[in-house]
Amino acid sequence: MDIIVLRPTATKEDIQHITKRLHGLGLKAQVSRGTERTIIGVIGDTSKVTEEVEDAIRAMDAVEDVMRILKPYKLASRDFRKAPTRIKVRDKVIGGKRLAIIAGPCSVEGRTMIIETAMMVQKAGANFIRGGAFKPRTSPYSFQGLGEEGLRYLAEARERTGLPVVTELMDPRDMELLERYADVIQIGARNMQNFRLLLEVGMSKKPVLLKRGLSATIKEWLMSAEYILSRGNQKVILCERGIRTFETATRNTLDLSAVPVLRELTHLPVVVDPSHGVGKWDLVPAMAKAAVAAGADGLLIEVHPRPEEALSDGEQSLKPKVFQKLMKELAPIAKSVGREL
Amino acid sequence: MDIIVLRPTATKEDIQHITKRLHGLGLKAQVSRGTERTIIGVIGDTSKVTEEVEDAIRAMDAVEDVMRILKPYKLASRDFRKAPTRIKVRDKVIGGKRLAIIAGPCSVEGRTMIIETAMMVQKAGANFIRGGAFKPRTSPYSFQGLGEEGLRYLAEARERTGLPVVTELMDPRDMELLERYADVIQIGARNMQNFRLLLEVGMSKKPVLLKRGLSATIKEWLMSAEYILSRGNQKVILCERGIRTFETATRNTLDLSAVPVLRELTHLPVVVDPSHGVGKWDLVPAMAKAAVAAGADGLLIEVHPRPEEALSDGEQSLKPKVFQKLMKELAPIAKSVGREL
Amino acid sequence: MDIIVLRPTATKEDIQHITKRLHGLGLKAQVSRGTERTIIGVIGDTSKVTEEVEDAIRAMDAVEDVMRILKPYKLASRDFRKAPTRIKVRDKVIGGKRLAIIAGPCSVEGRTMIIETAMMVQKAGANFIRGGAFKPRTSPYSFQGLGEEGLRYLAEARERTGLPVVTELMDPRDMELLERYADVIQIGARNMQNFRLLLEVGMSKKPVLLKRGLSATIKEWLMSAEYILSRGNQKVILCERGIRTFETATRNTLDLSAVPVLRELTHLPVVVDPSHGVGKWDLVPAMAKAAVAAGADGLLIEVHPRPEEALSDGEQSLKPKVFQKLMKELAPIAKSVGREL
Amino acid sequence: MDIIVLRPTATKEDIQHITKRLHGLGLKAQVSRGTERTIIGVIGDTSKVTEEVEDAIRAMDAVEDVMRILKPYKLASRDFRKAPTRIKVRDKVIGGKRLAIIAGPCSVEGRTMIIETAMMVQKAGANFIRGGAFKPRTSPYSFQGLGEEGLRYLAEARERTGLPVVTELMDPRDMELLERYADVIQIGARNMQNFRLLLEVGMSKKPVLLKRGLSATIKEWLMSAEYILSRGNQKVILCERGIRTFETATRNTLDLSAVPVLRELTHLPVVVDPSHGVGKWDLVPAMAKAAVAAGADGLLIEVHPRPEEALSDGEQSLKPKVFQKLMKELAPIAKSVGREL
């Protein structure tokens, strides 16, 4: 809340009134009278000025607009920490030279299938296994996940392969379960602004993979990261997964420019989920390559042993062969941008 | 999942494979060979075909597209119930001839202010008091609400005025508290697809005011209503509150066409929140009038005794005088469309 | 270009460099050093600072952002002219107490049909006849309009009824024809930023009805109006016709909040086209009423004697009976907001 | 227009009425009565069914929806031509193994600067020079281009370097000029649905670079290509340049998934313009790499010898050194996806 633009009708009394209010907040007001508008610059530690004060000042009749100069997030900001954050997960690192390849089915459908998938993706070069035990589904009549049973199977898949487990939390009441079984806790796109869930994982020691909301701006996304960071958990991984636009040829519009934008704004690692981003398996390889070329720290890819029988997201899951081929094709691109698989 | 469009490359074997799969689901396949595409019509009770089967069929190489003919929601649909649903809340009714005017501050900031506001809005003609005790805020550093204390003040305001209380639930763990104090439980826009929360209020006997998500399609919104209805709670009120678009002159774009669209698709009552829809108090009166003219069953309006001191949403809150004037101006418009205040 | 925000890395030399550049433009620089950022306020007649200078300053390494305080449009602005502009078209006025009801088919399909329609809509209370002779169609294989023949039929319809003619210009080379036959020249949504066409109608004496582009911000829309005004034609009518969003239940999302927003920003009259806004005839009456309640100066409504045989937009055209009923229902709403039909 | 879904209220007479209408169009109707809806499959050469017939059928009371199965474009479709189209421009080819690198300033600002830029980008590896002589600017007060003078300078730059010239057409009346000076005629995003301009270039023998509209779906974009193709000009290059979304961190949202989507739908070559796509020079290199990795046939990149003095788009133009570095970094990525610079 650094620049207050007054309406042409603002009076001396209005200016005094605002100046007084700023003084009350321990701030100084610097009034500049232009030919067409008067503006008030706010001097001092404006980081103490909360959203609500800003809104309240905007509510004044004399005020045309309030422009904020500083970013509303702090801990997530590159101003706060210059060096990129690297997050250790068991013996793997997210944010380092080696890309994080997080592969697996949309949902854990059974013991055999998840173990089979974990072994396959590991062999192809993935370093994390993913799979949902709790599934946010648009319809109440759709498969909602196996729950704790699914988490147990994931743990078993980890035991067999050594791959750390990435899986989603939907309800603060399941936190304890997730703490027990997961290596990285995923917050889904639909929960990016489920603030209670964010505070909950903010108190955990587990790394959190925070997906971008369907219509979240990058600023809002970083504010959600800030919720987690502000509670003490410094291990946040951002995951671009497509935003909602008018285009219907793809399920979402994968916003790859978020990768270089986030590089400038934050020290947190950024991975990309091309599977949800486009929603059709045959478009996934091209976008996975593009994500790596754009500088992503990793990929989240849906792989299913038999997509035609999947209980969810069959349409966007890669068959094992397609995944294996993709991994081979990614290697030289990773190398071109100074990374490795 | 009623029409399956095959790719030009689909073979006889592909068709047999799909036909067999449909038989396995108890459905019949009717194959039509056109000059450029072959399509398979699915005959039988396709309501049993879940989203996942649809996705899995879409995953087949031979399939170009799957077109659904029936709506994915049932209990929320006008096909299911022809007559409009009227929801009784204490001695008031939402969905009847009289408009529901739900007014009050964004958040309960104290005992005096909420009682004062309740008395004022009642006098001006409102029939419900609103106010948040738990506030979803973009920033972790913003005022998050008074919690149970706020709920107690709301209950006191109800005692004084007789106005039923509408207030938001953010966390399933607060359900018991809300049951105790609220008359209508609000699910906020950011939680429209917080499915666990939906299931929770689905088991309550309290009416639920379900706000549209920031980027939710009308179909998804009705699917979220379906979550609640499917658990047995038939008292769902839909609330249009603006969607996210590229326009920045307003906080959101209020989609008033949702009102007549929902009239055709569902029997549930529809109210409109112009305050969040536009985000600037001086635009609220025009949009409130437009909402009534479009056929809304009610309005949700933010009113604050002193917006310049509000702890949240000051920018979009009406001052008492503006609210009183609006109520007077709404009366003849309501009458023009066969409603009353 | 009034506030320049510098990066934390900006040096004294950078500040001198920018200051010098501003001096070169006849402007003064007022440097304020905050705790976290230094900003430069630009003092003087910043209206001379064009978009390109702004962009060029943004291109400097030392600059984080440039914030503009003044609106980029002048002649269209309420600052420039306080009183609402009223536009006389033959014996009618757009922007006065009486609403402009511009009704008729999407395209002129023949002599009889347009005369028949004109007589019908006039009897029902419309005061302008609309119809396209040149049609912008998504497909090159669709009906493209009757051309000059269509314009002649429109003129004949005007002769019979006295209703002024509103019709679209698509090509600067047709300007002469339009000048001869039309009373109001329509610029379609797809041509809102066809700047050559704007300059062309800017040199005409005919009033121009400027439709909002499918994804145009209100600011861009006013800049397009500014193009016309800057060439000397002061008779511009703005027409909201829906913007493109992710919602698919309607053809577009009618942004009615544009009406009160424009009231604050501009003196130009604003009409609303609910037919294109929603794209389905059965939703049109509700949105027409809402538009009037929101304060629009008029409506553009597609009416066709037999929508099932229309050569374009059949889906969104009202049948005569529906239009007549709507006109009756609009009257009390118009009265409620101080207008008349 | 292949599947007509009837409302539950549709009668036998309605079905007969529709069937008769289809017969009149030389088509057969295949009626399927489901448990909840009756649908009519349309058999025969539905490519003759135009948009207007579809709309008119949708206008019938008995009809709930009309679903089109075939794509509305033909000549642009991969069904029509399997092999990718390669477009020869002087001694260069667009759509071949070698990527088309089209570099240069937003607008031609003078003789020296364009020749200097052409020589520089050529040396760095570009194979086309771009620059605008006619500039579509949001503001009527901004620099609008040098006109024919600019075209002459471009021609001179071509003479010196051998680089073919890509430049924009804004007005059908400038067609003759463009024919004389340009090698590839660019249609800008704002003119993607300026159908008269499309028909004009459709009659030219020059290749056309067709930019995607700011809010154009991929289907609409291909329909605009179809306009050009339908007039006989087979040399159309599609250029993705970002679409309009709610995100404000970038100027537009570059939709790179358009590249693999178009590969499936069309035989036309696809290039990407990351400069307009993101609007900030420091994000351009990452997105240029991503575009090549996604499979684009080329890039359109804004390069300016001194962005801080540019008369337009300074903010998004690369300095020579940055461009040179980018070209070196692109080479291994191009190689990874089977292409070369």
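The letters A, B, C and D name the chains in turn, as written, and every chain counts its residues from 1.
The definition used in the following text is that a residue touches a chain if its C-beta (ideal position, glycine included) is under 8 Å from a C-beta of that chain, and two chains touch if they have at least 3 such contacts.
If you're wondering where the values come from, they're calculated on a predicted model, not measured in any experiment.
Each of C-D and A-C has its own count of C-beta contacts, and the greater count is at C-D.
Comparing A-B with the candidates C-D, B-D or B-C, the pair whose contacts agree for more than half of the residue-numbered pairs is C-D. With each centre defined as the average position of its C-alpha atoms, the distance from chain A to chain D rounds to 31 Å. In this assembly, the C-alpha centroid of chain C lies 26 Å from the C-alpha centroid of chain D. If each chain is reduced to the centroid of its CA atoms, chain A and chain C end up 38 Å from each other.
Contact of a single residue of chain A with at least two other chains is seen at positions 215, 244-246, 248.
By the touch rule above, chain B contacts chain A in their complex via residues 50-52, 55-60, 72-73, 136-143, 170-173, 190-191, 193-196, 198-199, 214-215, 220, 223, 226-227, 230-231, 244, 281, 307-315, 317.
Listed in rising order, the residues of chain D touching chain B in the complex are 2-3, 5, 8, 30, 32, 34-37, 39, 41, 43-47, 65, 67, 69-70, 79, 244-246, 248. Against chain B, the residues of chain C that register as touching in their complex are 215, 217-219, 243, 245-250, 253-261, 263-265, 277-278, 282-283, 286-287, 289-295, 329, 332-333, 335-337.
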